[in-house]
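Okay, here's the structure, questions in a sec.
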Amino acid sequence: MGCGADEVVAALRAAAVVVAEHREELVRLDRAIGDGDHGENLHRGFSAVVSKLDGSAPATPGAVLKLAATTLISTVGGAAGPLYGTAFLRAATAVGDAPELDAALVAGALRAALEGVVARGKAVVGDKTMVDALTPAVTAAEDVAEGGVDVAAVLAAAAGAAEEGARSTEPLVARKGRASYLGERSAGHLDPGAWSTSLLLRSFAGGAR
Amino acid sequence: MGCGADEVVAALRAAAVVVAEHREELVRLDRAIGDGDHGENLHRGFSAVVSKLDGSAPATPGAVLKLAATTLISTVGGAAGPLYGTAFLRAATAVGDAPELDAALVAGALRAALEGVVARGKAVVGDKTMVDALTPAVTAAEDVAEGGVDVAAVLAAAAGAAEEGARSTEPLVARKGRASYLGERSAGHLDPGAWSTSLLLRSFAGGAR
Amino acid sequence: MKKIINDPSTVVADALRGMAAAHGDLLDVHLDPAVVVRADAPVPRKVAVISGGGSGHEPLHAGFVGRGMLDAACPGPVFTSPTPDQVLEAVTRTDGGAGALLIVKNYTGDVLNFETAAELAAAEGLAVRTVVIDDDVAVTDSAHTAGRRGVGGTVLLEKLVGAAAERGVDLDGCEELARSVIGRVRSMGLALAPGTVPHAGEPSFTLGDDEIELGIGIHGEPGRRRVPLRPADELVPALLDPVLEDLPFTAGDRVLLFTNGMGGTPLIELYLAHGIAERLLAERGVTVERRLVGSYTTSLEMQGMSFTVLKLDDDLVELWDAPVRTPALRWGV
Amino acid sequence: MKKIINDPSTVVADALRGMAAAHGDLLDVHLDPAVVVRADAPVPRKVAVISGGGSGHEPLHAGFVGRGMLDAACPGPVFTSPTPDQVLEAVTRTDGGAGALLIVKNYTGDVLNFETAAELAAAEGLAVRTVVIDDDVAVTDSAHTAGRRGVGGTVLLEKLVGAAAERGVDLDGCEELARSVIGRVRSMGLALAPGTVPHAGEPSFTLGDDEIELGIGIHGEPGRRRVPLRPADELVPALLDPVLEDLPFTAGDRVLLFTNGMGGTPLIELYLAHGIAERLLAERGVTVERRLVGSYTTSLEMQGMSFTVLKLDDDLVELWDAPVRTPALRWGV
């Protein structure tokens, strides 16, 4: 099965469901070291994405990703809004107007997404942010994509690495975002943005399967 | 032993001690059905009376009572300030410039005090106010005073009747003062002003003994 | 009890020192006896408008001292009425030869202390009148009770009478205006959570986790009943309907709507409630011509709010719009 | 959670409806996207001064929209920065041909969203500048962290730059003034008790019965340390000293002292703290020339307060005194 616009739409719908299911968990994580809105922010954003998708059906994967990007930018707010928005926007640009995504395109899109997040947020691995989940995800995706597997395999690899990366944030002291105000007290908690990155990639992997 | 200015001063000092000791109790009673300041108000007032007495020594019982009255009026505030202030003022007027108080003068002073409280506050027996303690106290004082006893006996009789009167307020529904806002919910609590009247008369009785 | 204070017994004096420092251009603050006087008092030939009451309701009353509103305020201890000597001092300091009007909230303590002061002032040959405001519809009124309490309507009364006095209306006129305003203003409040009186150290009342007190008084006195917390769309009519039905306010009336916070309620909730109230009034055909939203008649850090509705006419609109320059209300100057 | 609200997800829109009803003379309120614009915008040839941020800090920012202060405010969801399209809408609605200055509090979310908006505006050929205020001395600043937070100083910045823009100062001048003010203003806050974000439903943090958070952020972020509650005479220097030592403010300096409440703190405590702070500043030889006391940069119903100190000069005094007419600050008009 290929990965066209419909599959990307399905992946985003799956993501919206996962975000809704994990809304409170993400709020709880963010309350521990941030301001408790991360789950709410993403829930608002992905609900809006689904509404937009209900109303229009862009023809290419890139167009779907761009719609998601602009919708996230204009509805999520907070740090996560521009960061995820930029990620989707760069991914959309990376896949261009290809009618179907293959493994290489998906890996390239993930790389572009990461670069966008870093360009905006200036975080490096170890700062206890979504970059800690996205960076290993990109590397893993590129590794398996080289082996010539399908899109599902790329996303599965990315999701696995993202989860591991997200978990690695637990002992860290935050240096970026709101959690950094906690200083040493931020250690011992998962970073909510890293965790949502892991959840999103897991849902894409599920949606693309 | 007669009851001159010194004895009235001693009685007021004794009252100040009793008020200080019962400050929290009166606050607690007032918190239940009022605004929780009655003990604080009286404590402020009687402390001021003691300070005034430390600074000047009026020559007659009437002058001492007048000093107490004006001090209470200018320091107690709340409902109790003008009511107790008026009570002491009327008592002072009633005893005139007599150098010593006898039983009849004391009974007359109590009657005048009650009339002053009623003139100001317009409460009748059963409204759940200090009038419920003061009214039986006056009657009892007048009854024993007719028998030709000494001041201590008059005050003891007044104190006993006041305590009984104060206790009788417990089941009542308040119709005057702040407690009246509670309606039926004011039943089941002693009235703080009735209780302080009982405490004051008991302390006078002790001080005069 | 968590408060930014030193000693409960010096809270009022300590806060007055801060007011003096903050508003030296508007206020003269005296501590013994405690009286807050407008800086240019006495204003010759102007009726002095004076109010006062227990502290803990800030900015009421001292925050409303200044041009176009009060000439003086007498702050009592927290939740305790001031004493007659404070009131007498206020009259003496502000009397510009046209007499003084005392605005008293209907609580036994306030009424008795102001009454005593008025007697003392009269004895000194001063022209003093007293009006008692009792705008709270939450408690039943009767000749055999202490009557209704004075609450949020006091702010509006002080503004309107202050404006009239500033324009040179005489003592009779000010008193008449005050009585007319009292006849046209009604209020009711609710509490979500109590405040704590500093010297008491414990909350004034307790409410269950999902319980509110409808008809709360500004000293934490109970009101009509305790009910479960409900959405704002239901709370607002639960407060507003009794207010409207009491006077009553009916279709065609022009009103001022005052949405008041009790001290611990954030502005976002007040605006939210205000928006619903405006909608409900519009539905009833009542025209909201002026409004005031904010925490102006408070009860320490109590969480809750009240609505006050005043029936307007052209004269009252003009008095409301007249310049006022006080720490808490300021416009037109 | 006890709040006067309907649905946590509509709190901001519901409150904006109330603001619209209450301040129709001053504000145009738009809900989608949420932007609060001064009623007479755009003002031709005037620099548009725009701010915004998460809701829950009222009256910041929408309460400061009006003549002499902000041209528009962009309210985000509670404690969440607004989105770029809100900011872009604000710019479009207020640009009078002289460009727009965006005042951004230093939080990652706010900075990123306003930055995105500024890029979009620039792409549309609009002249837009951004300044970031980071006045909170409670958190350590470093190139490797998110830096200091923007807190109470924002109110002063908005007033001063708003006054300059009203006088016709151009975009360069407004930006320069803003940067200079940011360099001269410092703040720090404390919390006695947390607020509750509506959609979270639980308090943002927990404190022991006798514990306070020194250096609290306006979203409930922790600060320097938790310490036992102490008398105001000790709390005030614990807040004020770090503020004064940071710039530093020294003998001979002329300052504006802003004593701010966090939303759930009664005015009586703010005045009390203000009085102590004025005394301490006088002891250090620092002259308090202007002051502001009240709850202007809040954190829902959080109990607590902050001090902001701004170093004044003649120009800043003049800008501070210049007329302002907004829902929350009003004088001279």
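Labels for the chains are A, B, C and D, by order of writing; each one numbers its residues from 1.
We adopt the following convention: a contact is a pair of C-beta atoms (placed from the backbone, for glycine too) under 8 Å apart; a residue touches a chain by one contact, two chains touch by 3 or more.
What you are looking at is a predicted structure, and each value in this text was computed from that prediction instead of being measured.
Colleague: Along the shortest chain of touching chains, how many steps lie between chain A and chain B?
Modeller: So the least number of steps between the two chains is 3.
Colleague: Please report how many Å separate the Cα centroid of chain A from that of chain C, as a whole number.
Modeller: 54
Colleague: Which integer distance in Å separates the CA centroid of chain A from that of chain D?
Modeller: A distance of 32 Å separates the two centres.
Colleague: Would you mind pulling out the distance in Å between where the CA atoms of chain C average out and where those of chain D do?
Modeller: For chain C versus chain D, the centre distance works out to 29 Å.
Colleague: Give the residues of chain C touching no fewer than two other chains, as numbers and ranges.
Modeller: 78
Colleague: Note the residues in chain B that touch 2 or more other chains, in rising order.
Modeller: As it turns out, chain B has no residue touching two or more other chains.
Colleague: Think of each chain as a node with edges to the chains it touches; is that a line, ring, star, complete or other?
Modeller: Chain contacts: open path, no cycle.
Colleague: Mind giving me all the chain pairs that touch?
Modeller: Those chain pairs satisfying the definition are A-D, B-C, C-D.
Colleague: Hey, which residues of chain A end up touching chain D in the complex?
Modeller: These residues of chain A touch chain D: 27, 31, 35-37, 40-41, 44, 73-83, 85-86, 120-121, 175-178, 180-183, 185.
Colleague: Under the stated contact criterion, what part of chain D meets chain C in this complex?
Modeller: 2-7, 11-12, 14-22, 55-56, 58-59, 63, 78, 192-193, 195, 209-210, 212, 229, 231-233, 235, 259, 263-276, 278-279, 288, 291, 293, 295, 298, 300-301, 303, 305, 330-331, 333
Colleague: Which residues of chain D touch chain A in their complex?
Modeller: Residue list for chain D touching chain A: 9, 33, 54, 76-85, 107-109, 112-113, 115-116, 139-140, 144-146, 149, 197, 199-200, 202, 204, 217, 219-223.
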